[in-house]
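Before I ask anything, let me first share the structure, which is written out below as structure tokens.
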């Protein structure tokens, strides 16, 4: 799969969200740190972003927020950040999987309820949101967005009437919502992190001097020079206050279902998730690929940037030299103008060009992390051959996509998936490769040190929670 | 009082809102008409504006909306209007009296509830909103804005669970909310107009070919070449559907309290409200002023633009020639830079200059519609004298402001009102006029043909509804 | 003629420019004063504006400038003004009569030449610019704009090689350029004002504490609380330095040709030009109209805002009461969306509505300052009749436009002028008036106290300078 | 050296410009192709960009242009590109080395002169520009920008008076200007490319169907799917018309001085310049480094992205495995907010993070293409060690910078260069590396197949043209 910047113009798979929260123990502003944290999580969502902060020292815990469509460095100006005064804060980057892409749907959601103000940032997908929403409406709720996160907010607000504190309300809400979620909730004086009992999406805790930090990935801790403390456990609720971190593990359960595709593609390679290095898991994917689909060749290359680590692993395992074959143009931004039909064919060379000198006359193994529709892959194979590669052997560091994902990614419905409609041989022919090999489903656990608590439903169809009977994504839009 | 464009830099009294709705019987787009309607109502609110439309011909009655900070011609571009496809629609211009001035608080409020989508535009002020809000929160409501209109929306949504149709829900909601409101509610297939039982704020019905129109003022009907049909009655709910207009008058009551200041200042002179011409009521105000406070003079002038009609009436009654004394600069916009202290004294001449030739050597009667703090009035008197006027007699076409307004205008609290702290003689000295006369409270009814169903609480302190014990405006902001 | 804000959507006559310069004797920043001066001159040009300042206290007299498309309050932000540090400055507002409307053509023109930096602001039209431009090109000049002002700049730069100082270069340049110009030139340490020998366009001098000011109209002096000193003489060059004002009258000549239309329409009524009050000249125009075209009627009204003073004069002369008949919507801005054909007919009511109560059942005299194509006039007559006026007598406070203007206004070419193709009777029928009367050409001098040194070529065809054989306006655009 | 996106926040060396021109033989619009061409050249300049096109089929060859500050995808919108109709065109991306960074200085320069309109795009630096500019001023020239390109434009315009055609004027101008330049000149009906006789900056010719193309680098030809034809020769002038390509080589000379740093850093690795693959020259640089400064180690890594190819070469030569050690964040844009002092130390991890798993416990060879001040290099060494690298051996694939560049790059003046003030041993200590090795000056020719016609003045001080006695860069700003 091409990486995310390229995805802005192609049609590939997206993660939906990244979340980042900060609690400063000594009253200093946190908006700057959140800005850098979100910037490090930009790969998890490029459509919109937002920050909300609470000023615990000000009157009544004043909450300020700023949200907008676009990248972190487009939405936040120095003057804008300046207005976000507060020592607790939560930020969000978003790619929409549920709810349309518009300003009303940006996060964090900021709301007033019986106990004051609440801000909520959510990564995941609530599969029983439509039912819950209907229930809420039948008791008089009104909805001003089309995101499932508003359903979570309502449940927290309603449970808060019955509970002694906001973390209790979060726990009670978790008993009702089903699906994937890593959640950061900011009340005027607390910062709460929660992860669904299956642990679909990552969430970790860091510390830097007087700050506690919650982040989707550990790379965001590095960005602000914070130290990784530990992952939030699947099902755990952590509450950060002046007194420190409190943990509630009453919702934890034995069965886990961490998204394996976080390791294969979504997460940044410099992150660790649940103690496993993403980089190492990709190196391992490359090694397994080499074991499963060996080939004689002169050069191993990765499709940048996400294919590089697996290519490195393939090279290590086989001894075939690893090399660069591509130059990527990183300047593509939100308003990049798509080529018209007339020059459409050349479009992929606008984002990605081949280093002719590197591949001419060589038998090339080309590693990508996944294949959705196959069109991009076919173009890249064509470019390599046009540059003089004598053979192109495609290796995909994941199994074929066969089933839609209901837990927070936009793996599309079956009929758009090339692997759903074609055999490996047919696909190989379609993309004009000399050979094609996928990673086996049954070796996926080796990517994460043999751990079995992962979800591979998009490859296997084994959903850890009964999926909804119809595709719920985008259902709320009329 | 200076007119609204000038108010952008001065500190005078503002109306809070204007509303405009269209129902097209034959499925044509209505966004353009709403744009022109709002443009004609711009004097009622310059902070923000918005339009929401419902496409009854599309799937499920798709609702689109666009809102923003600024004037109608700043927020809506041709491309933007183009995206608003729909044959029912509602628009809003806003100056905030309750709720902070920010994007989240713009209207129309668009929300999803048990029966689909609802858009709501509100002009007025709900005085029991804080209690209602607290009640709602205690049953699990969450609030994403700080405007009282959200409280109305919640009540409509909750009542809708018990009623056969949305107009019934509006009626039930009206039983709970207290205060001033002219309301336009758009459900996917209906357009509903409602006016509070006291009739504080205006609302009228017009028709143009296949369109029914609801508007705050009749001048907005003129703007789209529609014909005035009738005013919505105080307490009436009108429901427009494919079948035509249905009226529910069950909430009507004998006692009315139409805002007299709509006639004196807020409304455009080319509007009629409840069958009375605003222009005529201002001419009458000038005539009464002349009767109450006659003076020998050479010239009668109005402070533009809102003082002109009363000046004309004063001239008619006395025979003293009416003339122009001022040139107003209309190019002041949202980002107009206020003069720094150093040149502050000259600031009023930036917006308003005196025609020296017109006033030199003359005894001038200067008519303004009201006086709040007195600073602007004092400056203008000074300018006239500097230009050579030998005498300046100030006549105010309303009684002195003595009490705050809780029904939708921002007449400030007592201690900022010059008349609250000074006698007429003292004020006359402060503004350096040769004489000063106000309209009497007891002659206000003559402005509207002797009708007694009006509210003059800001002058008399006789509130038609018990006012809240504390100033509720802006209470929700933390 | 409708006033300028309305002109943004109609197609009426425009002045091309306004200029404003400040010299501060004690080193204080002048950008704020220029901002307010330009704001007062906004009626002279709404397409673009700019400010350039020179910091005589900084190293080498650093020049900063800021220019943009749009109104003064749109182009200049507080942050922007803040960057313009300097104690001498010049500003410009522009409506393009020569040169296309784009950012490259905005003024002041800032250029480096043999003696340092020069900024130039120009109001007028150089009729021999094409020849001069060709001459310059044949000696190796390059042009980066399409405005005739660049030709002036070149001549000053070239003459500067032969003269002892910049004011000498301005004088020598004036010997070569023909046409209309009021000019402000800023060298790093001097501010120079110059007016063409015919005096087509106004230019005056003011003073405020430590500042000398040059301005197109005296109303701009009022805006910054400065005192009017005197008009720059036709043909005079004034040079302002630390030593005070130096005058060079060597280019003065007996024959003058001040634009009479400045008095009738362009200038603000609160300005005096060459000692004559614009307001008084309009009152006089109304009086003469009444003498030339008397009529029995009940009400005299002006088309706002520019027709009001003449209407007042007409009322004074006849004794018929003066009144208001219109409400104008001032919120029209740059991006106002023009009505589509479907509602085009109603468009004039968007900008201008009739006060029905004021005109119903009355015989109305309607005064406008001029008529170009007649379409707007016809619409307004129609609106008055629709509102119940029993008769509408149109009086135009200028003679019929018959000839194009080459000296700085955009009176269009003959065939678009209604008076060029129709008799007064025919026009009366076209606009559906009950009678129509124009001011006579031979009484124009009475508007300016009998002075004969004016240009009335657009009415009479008597051009004070031989006009070019072809229409040169816009010739430089390819 | 970090790559360009990172440079937006660091302080490293920049190329000044990229140029791209298209001539369509059959009258089709070329703006889209120029857009993609400039996008591929974005690495050569990120401050501003522009496109000018000439419509040879329209009346008089109408020229349209659009320019702005920012990246190609920020300045050009679909609507904007739509307005650029024309079948000949020229584009430019700019990083300012001479002339301040502001809108007036953007290119292409569009000007009118004796023979019509001319557009000019320039990559390079004219070292005798100050003298030429003074000469021009003494013959009456005015300058509206502060870029040396305006001096070239003037010379072409003046020479055009004496020559039969525009290409002759370009040749005559080339006789006067000294320095580095690759030039694209568009007259209404011709497209001309020229390269200075030393060939400092690259320029090549391509073809695609009916289009001839001129581009700074061949990677821009790939981006629009064009075929590389040949490089423009140093000193050659090529003129493209309906008749095809004409070549004038009369200015060619034996001595060449191609910038060696184009190969080492500036150019994209997928470009070929003067028949040499940039990628291959970097691989070669890595190989030579390995020969000159061998070391025992476990891993070779490049500082992304520009150090990767040399690292690959080093690995090939030594057999030490090549690997990835860094994750780069590509989302940095123009408005990225720089960290405040408080978190400054962590800033490099915002743009670049280390893959701990890849380097932990290893002896690492880290290859970068150059070192200017040494601060970035020191930070990266520190990050590697913090991640657990046991040794870090730094190898720089160019010689030490010792002298400023006057030919179009911003290698700073001596005292800011770490190598000017320190020995290699001292630098090694400063950056805390375990060893440090630079490429030798005397082996530079091996990077380009032994060709000796290159300029290495920034390393050797051997300037091919006598440098100016003072630093001229930025001299024109006051």
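List of remarks:
As written, the chains take the letters A, B, C and D, and residue 1 is the first residue of each chain.
Rule of thumb we're sticking to: a residue touches a chain if its C-beta (ideal position, glycine included) is under 8 Å from a C-beta of that chain, and two chains touch if they have at least 3 such contacts.
Here the structure is a predicted model, which means the values were calculated and not measured.
In terms of residue-numbered contacts, C-D and A-B present the same interface, as over half of their contact pairs agree; the other options in A-B, A-D or B-C do not. With A-D and A-B as the two chain pairs, more C-beta contacts join A-D.
Centre-to-centre separation of chain A and chain B, using mean CA positions: 49 Å.
With centres taken as mean Cα positions, chain D sits 36 Å from chain A.
Shared interface positions of chain A, i.e. residues touching 2 or more other chains, are not present. Residues of chain B that touch chain A in their complex: 59-63, 109-114, 116-118, 134, 137-144, 146, 153-154, 157-158, 161, 188, 476, 478. Contacts from chain A toward chain D in the complex involve residues 5, 32-33, 35-36, 39-40, 42-43, 46, 71-74, 76-78, 81, 219, 222-225, 268-270, 277, 279-280, 308-309, 312, 316, 321-324, 327, 329-337, 339-340, 343, 345-346, 349-350, 353-358.
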